[in-house]
Each structure stands twice: as structure tokens, then as C-alpha cells.
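Per-chain numbering from 1; labels A, B, C and D assigned in written order.
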Amino acid sequence: MKIMFCGDIVGRAGRDAVVKEVPRLRRELGLDFVVVNGENAAAGFGITAKICAELHEAGVDCITTGNHAWDQREIIPYIAQDKRLLRPINFPPGTPGWGANLFQTPRGQKVVVINVMCRLFMDALDDPFRALDAELSKYALGRGAQLILVDVHGEATSEKQSIGHFCDGRASAVLGSHSHVPTADGWVLPGGTAYQTDVGMCGDYDSVIGMKKEVAMQRFIRKMPGERLSPAEGEGTLCAAVVETDDRTGLAKSIRPVRVGGRLAQTA
Amino acid sequence: MKIMFCGDIVGRAGRDAVVKEVPRLRRELGLDFVVVNGENAAAGFGITAKICAELHEAGVDCITTGNHAWDQREIIPYIAQDKRLLRPINFPPGTPGWGANLFQTPRGQKVVVINVMCRLFMDALDDPFRALDAELSKYALGRGAQLILVDVHGEATSEKQSIGHFCDGRASAVLGSHSHVPTADGWVLPGGTAYQTDVGMCGDYDSVIGMKKEVAMQRFIRKMPGERLSPAEGEGTLCAAVVETDDRTGLAKSIRPVRVGGRLAQTA
Amino acid sequence: MKIMFCGDIVGRAGRDAVVKEVPRLRRELGLDFVVVNGENAAAGFGITAKICAELHEAGVDCITTGNHAWDQREIIPYIAQDKRLLRPINFPPGTPGWGANLFQTPRGQKVVVINVMCRLFMDALDDPFRALDAELSKYALGRGAQLILVDVHGEATSEKQSIGHFCDGRASAVLGSHSHVPTADGWVLPGGTAYQTDVGMCGDYDSVIGMKKEVAMQRFIRKMPGERLSPAEGEGTLCAAVVETDDRTGLAKSIRPVRVGGRLAQTA
Amino acid sequence: MKIMFCGDIVGRAGRDAVVKEVPRLRRELGLDFVVVNGENAAAGFGITAKICAELHEAGVDCITTGNHAWDQREIIPYIAQDKRLLRPINFPPGTPGWGANLFQTPRGQKVVVINVMCRLFMDALDDPFRALDAELSKYALGRGAQLILVDVHGEATSEKQSIGHFCDGRASAVLGSHSHVPTADGWVLPGGTAYQTDVGMCGDYDSVIGMKKEVAMQRFIRKMPGERLSPAEGEGTLCAAVVETDDRTGLAKSIRPVRVGGRLAQTA
């Protein structure tokens, strides 16, 4: 089967790119399942129920998040009742919402999405490796689940790559988010897991990680609180990776990048 | 003119890729100048005089470094007398070596290379923005210098992008290193500066940032000192960006990625 | 002469302790000069012009700050015109306000107060060592200035102690703030500078660094944004160090702690 | 009963202070149990079996550690078989050694020592709050255990205080280590737990956290690797806290500081 994972949606530019392009890409690429990371969809900070609805309307099956999951307080009751919106699985016990969910496609394929967060240069959540090990142990790849996708939300490339190798052969794909920059290192690991350090944000790249560049840049220079950060408003680029898997094994056959619209070099 | 910047060389796999491919790429792409980041060339930690010689022999004009600059103590006297080997410019006054140098190509073009290090999630060096401002003020792009390349060695994508925008119109290219992963966001900023968050390492990508994956992964899992890290020994990928500039203005006409050999998808 | 430095005032409990005790301590201890760190005076976050007036009214001669200097935006125009309110000297050039000031006591003694911030585990300001070196070079201790006090606002004990030794013999006292806990390591360094890693906060110690303990504790446990932090409201302890110096040399003769009111063991 | 906890022993100066003073203090203060943190006992880095023997010989009942636990590799087999040497309890499952142990005094009192490590500005171990909750649940304070001591090894005062309040009423004492500076905030929390943010190192205070000051200071100034750090060699101060508890409830009646020898102001 074929799945697409789009990275962190940043503000309106990112939402517009996703809403516009996902229906077309689903059709043209023959996608069976679409996941997006929505942690910055609401003006750069968090996500709302309304935005979730808008994304599902456009053909998004599952929304993952990360360190910005809770920026909009209104999402807390929502995430506690809609399992299509995930938060990293390694938040401590008692955290609202879920870190993984099993979905079924119209064609009857079972798809598991796991959202996990790294710790290096980030908040000290629970051990992502043990959390993944526990969750992956629940499924038999290729039988109980045709496809298992891990969104690894993290800062350090070393930790993300370690998680990729850790899951190699047990997940169909380990795809990164959080850096807001697409990496060009998509490949299928020796055990059959597709890996890419980051799929990149969906948003305006004439910016600082999706936010207006002047204000963001001044924070580094002036070391004082400045104006509030807000998303850049130029045309967004949808950034994603498409992974094709073998339904019998659940392992990846290929991974390729998607970049549509906005500033970055477009993929075919 | 045309310049190529290759990211952090990690160990023998990285050195082999550079030594093998740079002569061919110089010729086939018509490169006028080649810069590599060599901070991990010596078994993953630092660089030696012997390796510098080997790289120059292969057609490397300038070597930059970063946080690993000093891992091999023998480099300290060397860096203090050979200005083809740079260390980040924003080390405090009194640090051996130079952070920038002006080179002249055989065709008489003046090329300035500036090496700078970010601070977010890294050591607190001097302000990289003020250091760049001071250095860039010395040259008139297009007249005193036909090309100015900045190697921005950093962890956080936000800081690297801020530095890109800060230099926009004043440097020919701002190209990132340190993450050891190539990004797919190369583009020419509005002011004419080519930018890419990271050009990626030269090394074996079946690894954790170039080091053997088992040992590197265990450090995240076990939280105890383990075996010493050493470079992965599979075939390396040379990762680089090629920037073409207009000699009259010094601004970029294009930027494109180069990935040759090893695990990653190859560029044409 | 005799100077007292009180650590970070946290909210009303801290302000009340200072306003109540400083007049009495000035009198009973024969203090010539009183400095307080006020960075958390306004409900835990920053300081206002009104609070500055209240503190000066109570006999405070100089107010220092730290990373919370700018939490209340209204202080920016104020700090730019009243040199009795300092911010760390190693903010980048162009930052409003001053990092050091020379005062004159009623008895004609010249007192220099320097506010500096550390970098380890904190924001990457300019080098505190070079900033101190430059500022200290302006004064001849014992002649141009009878007393030089450095408020070193920092997290890591190693960096604060390094700054103490760096200033040894050039300042009368290097006294720490920011940790909100008094240390018991006050002594006169070999070169004659009184040193204490932290003088402790002025606030309610039945708390988490002055803030209500339940909410503060839950942030570590739940890893989600919770209720807004607000200062604990029990009786505050005034925490300070008193340094006695020799007016001819400007060097310290003694340093002793002051703890009055609230939860902590009281000093005589 | 009466227990003494001495903070991080740094090198020979610290060992000498402990070996010299502990026998006398045991006798004069009528101590029932003595715990020391030994993580820097071996030339500043880790601890050896020989040093453990030396400390036990001097009357130390239990040795705790922290982030430096593993600096000397030879300790790994030792810690796996001698439960008088602890390492933080929140290392991941599978880590050699124990994080807590129940001891029995000659008079038959049961003493539990728990060693735990914080995470803020430190490595991302498992959640210290959940680890403490699980361990504390095993004992009934005052019945199953007459005294429970927690060595909280941490950097941030906020996290250490949060752990103090979290254990309030469930442990006899929560005493801090790692900062290498004694704090003056020892008090009995409302629920009956004695608390002190840090008991301070045992070592030479004319230093940077126990290490020779020139080399340590240069690391902050030069930002390059320098000479290897080694312990300062002046006379050490033994820094500790003595807690007296009620054997029936296990709660604290008092806490007071001990500082003997070396540079710091001595306690009576």
C-alpha cells in the first residue's frame, strides 16, 4: 500500500497547501492513507478542533503532534475523545489522548500510526525507545497490521536515526518531524523500514521555520522578548514523504519525497 | 563562478568518498573552488595535518570545521599557520587559527570563506551575527570578492535560517553543516544568497550520523558510557551543494544538491 | 564600608520582607549601601516602575535583574532612563539600560555595582568574563571606587565560582543570584574578594523557588502546560549577604549571611 | 535516630576530610548512620572499589552517586554485587547496581537510602517522581523503615525542591547533591520531611566545584579543550547535613548543617 506523511503544518500557509494538494495527491499518487503533523497549524502554536475537521475534510486520515500539542488549551478535551489526533506516546501516564492508533482503510488494510518524541535538546519525556518497543510488540507487521508508521518528532539527527535503526524491520516507516526542514536522506534501511530524518514542514519557507523572518531573527540577535512570532504568509510548500509497502510483509519497497508549491525545488 | 561545499567528512568512509569524487566533480561540473567541512575526518573526531594534505591533494581548496575542531590536539599548531584550514570565526579572541580567509582561484577570482558556529543547543561562543556582520563588512561582494561562502555550523534549523536571512544579499551562499544530514531546502533567498540548512555529511549513512549504529544507539538507550564511538565503515556518500554565482554581483544564480555513492538517492 | 546584597525578590512575600526589614537592617548593621535583585518582584515575573519606587523608598540604593528583566514590558522605557535599575552587562550592544553604574553614598564613598549573567544552561549572551574585564578595567579599586559589587546571575555553580576567581582582587565582592536558594559558602577569596555562590531569594521558601509548590511541581510531573505559576503567599524570608570592606583597598574584610523571617533558620 | 549525609566527595581533599572527620563526628554527634555521595571521589571522576573500602573503614554505611557513577569502569562489576554502593534509581531497567537499599543499624533500626537523579539540565533518565513514588510505596515510614533518606542529585533548584515537596511526609529527609555547594535552606517541610537543596561537596573550596581553579576557569573563557581537570589539593571541607528523626513516625525533628575544615565558615 501507499502512505503519505506531511510534516509540521505551520499556520494558514501550511493549511492552505495541505487542503489544496492532498486531494489531488491522494488521487494522482493512489494514496491509501495520509498522515500530517499538525502541531503548528493554529497560527504556529498548536491545533484546534476546527482545524482538525478542515484537515480530515481534505483527506487527512490521522494527525500527529509534538511539543506544541498543548499550545491551544481547547484541544485537551478534543484529543481525549478523537483518536485520529495523536500526541507523542511517551508523555507520562495520565496524559490526555493517545500516542498510537490502529486505523482501517476503505480497502480493509490495517494501519498503525505511532507518534513519539525525542529527548535530546527537548523536554524529558519517558524513554522513546521503550515506548516504541512496547507499542510495536502489540502488532505483527504484515499480519495484524499491514503498515506501521512512526512519526519521530525530534531535534537531534543522532536520536532520530537511532530510533530509525531501533525500529528497523518492525515498522514500515520511521519518518521525522519537528525540524521544519525536509531532509534528503530518505532510504530503506537494511531491515526494510523506510526512514527519513525529517519530511519538512508544510508552510512558507521564506521564513524562519515557518514564522515571519524579521521577528524570529531578531530574537537571536537582541536576546530580549520581541514582537510575538506569527506565521509567514507567503505561499506554502507541502513537504511530505510517500512510502510504498508490501502488504504481505509490511516492509517498505520505496520512499520518495514530495515538495509541492512555494519556494522549494518541486518534486516530479 | 561555481563552487562546491561538501559537509562534515566522517572518518575513512567520508575521506574516501571525497578523495575519489572531488577530482571528477571538479572536472565534470567545472568547479572553480571546493570547500569541505573536515571536523570529523579523523576517525570521527577532529582532523590532522596528514588528512588536510590528503584533501588538498584531491582538489579541496579550503577546509572548515566546527565544534570538533580541536579533537586532535596536533591540529592546534597547524591551524595557526595554514589559513586554508578554518575554525568558526566566533571563537573568543586569542583562539588559534582563523575564522575566515580570502582565496584566489587560478582564474584570478577572489573567494572568501567564512566559518561560523551557532549557539542554540551548542557551546556559548561569541555572537555569530555580529561576527558575520563584522567580517562581511570587509568585502564588497562582486568587487573585492567575487564569491563569499558562509559555512554555518549549527544544530537548530531556526538559528541557521536566521543566519541565512541575515546574510541575504551580502554573501553568495550560506550553507549549513553539523547535522550530518542533507536537507532538501536549497534555494536562492530574495536578496540573492543561496541557502541550504545542511549540505549533509560525507560518510556512511547506514549509521548514526556516520558512527557505527549499534554503539551510538545504545548510548541513547542505556544512558551509560559504552564502547567508544567509531565511524561506520560502509561505502560513504559524498554530500554537497553546488552554487553558481554571477561574478559581477557575487550573487547566486542557482543552488543544487550533490549526492554521490553510498546509501542515499543519487543526484544526476 | 558595609554593603548588603539581597537576592531575587519573588512577588509580594519577597517585597514585604524587603520593605519591612531593610530599614531596620540599614540602621542596626550600619549599612552604607543596599542592593537587591528585583527580577521576580512583579508577581514572579519582572519588575515595574512602581515596585522600583517602593524599594527605593525602603532604602534600596540599586536594583539588579537577570533573565527575567524584560518580563514586564513597561520596564523598558524606565530602565533606559534610571540607572539605579540595572540589567546584565553582557546583553548585546543596543540593549536598553545599563549593566553597571557608579553610585555615591551620603558619606561620599564611590560604589560600583555590576550585574552580569552566566551562560551555562542559560541564554547565550555575550561573554561574561570579557564584559567584566572591560568594566573592571575602568576603576581602580580603593581609589576610583571604594567598593565594587558584582551580582553574578547564573545557574551553574561552576561558572559562578569561575567568575568569582576571575574577579578576585579586582572586585570587593562577587555575589550570586538566580538559583533562589542561599548557599553557605560565603568566604573571602585569596585575593580579597568576598564570594558567595548565591545569596538566596527574598520570598516564601515553602514553595518551589518562590512559586506555589503544587503548580510548579506538576509541571515536572505532567510535562504539559498547567495553571499559570504565581508566587507563594506565606511569610517571606529576606536572604542577603553583608560584606564589610576596607575603604583604602576596596577589598573585603568579611562576608556574612542574613536570613530574616519566614521558614529558614534565622541568622543572628 | 540521627543520620548524617555528606555531599559529593571530590578527590583526595574530600576523601581525607571524610576519613578524618567521620569517625569523630559519629562519636561526638551520636550518629546512627552515615551516607556519603562518592561520585567524584576518584580524582574527581567516579569511584573505585578501593575507595569504597576506605570509606566504609572510616564509618560510612552507604555510598550514593550520580551522573559520574560510571566514570571509572572498574566500578561496574563492583556496584553489581555490593548494595552499599548505589546509583540513581531512575536509570533505565537493566542498569547494573541498585538505586535503593534497606540497611539495618547495630541498634536494629531499618534505614532505607534512595538515590535519585534530576533531569533538568541533565541527562534524560526515567521520571524521578514516578521512580520515587514506586520505591516509597514499598515502605511504611515509622514501621517498615525507621528512616528513609533520599539523595536527590540534581542541577536545578526548582526540580530538587519539587522532589522535596513530592516526598514530604513519605521520606524522613530529602537532601541534595551535585551542585558541590552547600545551601543554607535546610528546614523541615510541613509534612515532616527534612529538606536541603544541597549539602555541599566534601573537597577543597578554593577551587571550581572542587577542581583546580585555573584550568576550570579557562574552559569557560577559552572554549577550547584545555588541560585535564584535576582536583584542587588544598585542605578539604567536609560538608553535610545531620537529620534527627522520631523513630516512631520516621519524620524529622530537626536538620542542621555540618561544615568542618578547609575554607568555609565552620559549624559549631
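In this text, a contact is a pair of C-beta atoms (placed from the backbone, for glycine too) under 8 Å apart; a residue touches a chain by one contact, two chains touch by 3 or more.
Not measured: the values here are computed from a predicted model.
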Problem - Neighbouring chains shared between chain B and chain C, ordered by label - result: A, D
Problem - Touching chain A and also chain C, the following chains - result: B, D
Practice task
Please report how many Å separate the Cα centroid of chain A from that of chain B, as a whole number.
Solution key: 29
Problem - Centre-of-Cα separation between chain D and chain A, whole angstrom - result: 43
Problem - Touching two or more other chains - residues of chain D - result: 92, 120, 124-125, 127, 221
Problem - Contact set on chain C toward chain D in their complex - result: 120-121, 127, 129, 155-159, 161-162, 165-166, 179-187, 189-190, 197-198, 200, 205-209, 213, 216-217, 220-221, 257, 259, 263-265
Completion exercise
Listed in rising order, the residues of chain B that touch chain C in the complex are 92, 119-120, 124-127, 130
Completion exercise
As the complex stands, chain A meets chain C at residues 70-71, 73, 91-92, 94-95, 123-125, 221-225
